[in-house]
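Two complexes come next, and they have one chain in common, subunit A, joined by subunit B in the first and subunit C in the second.
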Partner chain A sequence: MGVEFLQFLLSGLTVGATYALVGLGFWIIHTACGVINFAQGEFVMLGGMATAAFLGLGMPLPVAIMLALAVAVVAGLLLERLAVEPTRNGSVVTLIIITIGASIFFRGLVQVVLDKDFHPLPAFSGEEPILIGGAAVMPQSLWVVGATAAVVLGLWLFFEHSLHGKAVRAAAANLLAARLCGIRVRFVLLLSFGMSALLGAIAGVLIAPISATYYEVGIMLGLKGFCAAMLGGLRSGWGPVVGGLVLGVVEAMGAGYLASAYKDAVAFVIILLVLMFMPRGLLGRGARSERV
Partner chain B sequence: MPNSAAPLLAVAELDVHYGGIQALRGVAIEVHKGELVALVGNNGAGKSTLLHALSGIVEASRGSIRFAGRDIAAASADARVRMGIVQVPEARQVFGPLSVEDNLRLGAFTRHGAAQIARDIERTYALFPVLAERRRQAAGTLSGGQQQMLAIGRGLMADPRLLLLDEPSMGLAPNVADETFEKIGDLKGAGVTILLVEQNASSALYIADRGYVLETGSVALKGSGRELLADEAVRKAYLGM
Partner chain C sequence: MHAECSRGLGSALVGLAAMVIAASAAVAADPIRIGSFLSVTGGASFLGDPELKTLEMYIDKVNAGGGVLGRTLELVHYDVGDDVTKARTAVKRLITNDKVDLIIGGSSTGTTMAVVPLVEKEEIPFISLAAAVVIIDPVKKWVFKVAHTDRMACGAVFRDMKKRGLNDIALLSGTDAFGQSMRTQCLDLAGSLGIRVLGDETFGPKDTDMTPQLTKLRSVAGVKAFFIAGFGQGPAIANKNYRQLGMTLPLYQSHGVASKSFIELAGESAEGVRLPAAALLVAEKLRANDPQKPVVTAYKTAYESKFGPVSTFGGHSHDALLIAVDAIKRAGGVDKPKLRDAIEKTSGFVGTAGIVRMSAADHMGLDASAFRMLEIRNGDWVVIE
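Now for the complex of A and B:
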């Protein structure tokens, strides 16, 4: 395995990990209510931009990050309460349009309240590259991959081993039966929007030291996360994880061996191919979740 | 015997509409503590609608629902589960992708006390041994009869004061249906108060203390199980005799 290949692989996995986080955000909300939340990318943007803003106020990085994650979660909860909840009896298409509207709103708000500049965040633990098998890896890449792995583990524990996680899966499997068990629909929706916002914001904070953040960063990252979710399928949480990593690596290889100009095109080509040839994604087969 | 004390459940003048369609009109029923009351009626008579009104899934447009002396019309669906009104819906509706044990555990979602819940899960397994053998299996892979047992077991896990069973025999082979009715009789023997909805009127009335016949949204007849079984009109309309 050439050093060059290894280099591309590692940088692909790093970026792919953030796609996986964004894709998982799509998956959670889709599982809970059958809706693709097109505001998902804006949580990524909010995480990065709010961190930059809090840093600008002189806060230390860990504090700024925690506050930024909290801001994104609040934004997710508000999106659910103010926009999704009141239209719960609307069609899925209505809800999707609402999330598109919300994403435009979030972008506009940040543009007005903060600014339109690029903000590179400082790397969490220095810029000294680490050599792995001859390939140079930024410490931030390890943060990205490590934090993503921790999030995936946490999600797995939550959905497989906690009562509330099982309640969300139960509501997705059979809404009436879940209500008859005393599970509140509103609780399930709030929980999933909050969690999905948190995942997006974590991705935004992790990637900002590598590729800077600005008010429109969520458009492309949201699309990549959507592509990850489509590619891997939304049937289980592993779909977006696998999809994100594959997308990241394919992009990095494409940019390295072909031309970096085509990097972003990879995601669009994949979305088209998936839609045409395997609409349920790599890991998908059967079963659709029910609307909440 | 049962009519001496105040009823556990008292429904009066209940109307329910779905948009412009009236599904229940002026329904009045009572269930006393410890009773097994059967609610029979044809397709579309409004049986499930009545249970959904009791569970807070559909809203009543008129009338009152009193449970244990309290008017519960404004209570949410989860609050009613907490009060002890627990429904086992028609067509079973287990959580297919989740394990048998998770289904049971979710039945106790509103309860506290891990130790007591764990004991109740074991009690449910003792009542339905077939579930114990399959506790790790996805509920969706069970047979129809087993899923019905699981759905009833999940309902029992909520520790009901009033168990609402919606057509538990539907879609089951006759011998499995008989076994289900036997289990329901056992539950009554164990002191569970039950409102049993059935299209299989003879089996339901046979094990019931009392019964109501629902016809196009209103109560057409009521009486003891035995009286209704002997009633000429009931025999013609529901027992095919």
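Now for the complex of A and C:
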């Protein structure tokens, strides 16, 4: 019983960490311009697929990963510059629809330029499971959890202690005031899209050795990341992190202790309940009204 | 020139038969029109794409060899994606506008079943390429199929388990259409083959971790073997998780992952896994005296020299077309009732899916020998005799 519980918990935390990374990507763009970027899952896919493609060209894994992250960031920047920027004064709904269109575009592009097959990536540090109190953990899981922790720390330092980070928060708080203070709002938008693309791609690279990657992998991960963000709330960066981890653990426990057929249902019921009784998410205290 | 040939043949016959042949000889220059609707784009494109390529390639081949009964074959094809409405429209057009003589198609069970009522009403021979047993059970007068059923795959797996004395098993199936069809068919079949399914869990086709389900199944007492039935990357992830958890009981997968990409995805964890598969997958490894060997090797070589790695799905349209050609020859033309009867009398036809012996009660005609049990050793298939 104890070992089982530990196994469910560790599995849940690994999966939850990837949800958290994707959710953080949603949070960054939402913070900067109040839009939910539904192409977030596609950044995840781009990270994994581009790594697989560069590996296929015979590059060593670290180089392939770096190039893939660069590809995703460029895709994020192009999305902002070519699709979001020109309609920046449009309504939020318009922008959301643009991001949905972009996600379909990215999927189609990868499907044509690369292929429609599944690609496994090699695990970063072997496939020998580590036993923790009788429960098996893959070294890759430690990479996922570790990288998520590092990203969270990095984001916190950026937003709390760097001028650029403060500029993003200022622009989010009040666009006009930020502009009057000399903050280049266009740069803030560009920065946030680049960062969220980077986060998504990191998640994609980390999870590919566990689940393999293919051109549609971003749909489900994007949805789960969105759920994580909604569950935790988008008020602070801790929201998606807590939301992701809770979602992952709930899913694992649901599959383990209840019927696995209802695994996703359990997760969605919890999200519904949270949204009904705590509309701002688990960490959504605060009264500031926001446009979503 | 073709017309003269058949006229010469017609004069050699007597009575009514001679008149029929002579009548058809008047239009002998007309091509035989084969209608087809496949899922070439969309989610099921992995089915429709090789199916269409194969169909086109073999129609060219037949025509290059002089056609059938001196008439060339002409393909009229519509891509219907995953859309059952489009499938119905396409078949309506094939019958009323294009006036085709028979229909081959329906990459998926969904698009096939959507057109069955229409085909039955219009009375036109129809050979489906989809898998589910509902297509031919109960038997429908005008509907035939060439692909294996999931039930046959279950049977192959269970018989192999039984042989090894693994009577008590745990089942982990996908929640997608394929996984659920396998689950239903396997649970239904298990009792009659003396297999007890003690644990029964599922996974989502896009899940990234099946450790919880496997951990739960592991704790079920008395389980002697595991059977994972799914499609896509899910079964490969489950396979990896299985080894990661240090589980060592014999592991079976289904024909849903019978392709090289499964070995690639599951990596070392695939070692020792057994699964049922069509002969096409292991064409080179079949024994020299295997009746299917020349057929599957020829198809594989032809397809791969033109398009790349072969799939069993393309093999289905190879079988469907050649069964139709064979039946047209025996029926002496494309008179629909006669063609239907001829297809139903197909017996001993060797295709990529197996040896086909159809009858009025069986519009598929494949038996259990159509599936070969394979074991994965050193990253390659080994045929279990």
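Just so it is clear, the second predicted complex is superposed on the first by the 275 of 292 C-alpha atoms of A that agree within 3 Å, B and C clash if a C-alpha of one lies under 4 Å from a C-alpha of the other, contacts with A are read in each partner's own complex, and residues count from 1 in each chain.
As a convention for this text, a contact is a pair of C-beta atoms (placed from the backbone, for glycine too) under 8 Å apart; a residue touches a chain by one contact, two chains touch by 3 or more.
Values in this document were obtained by computation on a predicted structure and should not be read as measured data.
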Touching partner for A:Ala212 - first (subunit B), second (subunit C), both, neither: second
Which of subunit B and subunit C A:Arg280 touches, first, second, both or neither: neither
First (subunit B), second (subunit C), both or neither touched by A:Arg81: neither
Contacts of A:Leu180 with subunit B and subunit C, given as first, second, both or neither: first
Of subunit B and subunit C, the chain that contacts the larger number of subunit A residues: C
Touched partner set for A:Ala167, first subunit B, second subunit C, both or neither: first
Subunit B partner contacts - residues on subunit A that touch it in the complex: 163, 166-167, 169-170, 173-174, 176-184, 287
Residue ranges of subunit B in contact with subunit A within the complex: 55, 57, 76-78, 81-82, 86-89, 93-98, 102, 105-107, 109-110, 151, 154, 158
Subunit C contact footprint on subunit A (complex, rising order): 4, 7-8, 11-12, 14-15, 18, 116-118, 120, 127, 129, 136, 138, 207, 210-212, 214, 217, 219-221, 252-253, 255-257, 259-261, 263-264
Contact footprint of subunit A on subunit C as seen in their complex: 45-46, 175, 201-204, 206-209, 211-213, 215-216, 219, 232-233, 236-237, 240, 244-246, 261, 264-265, 267-269
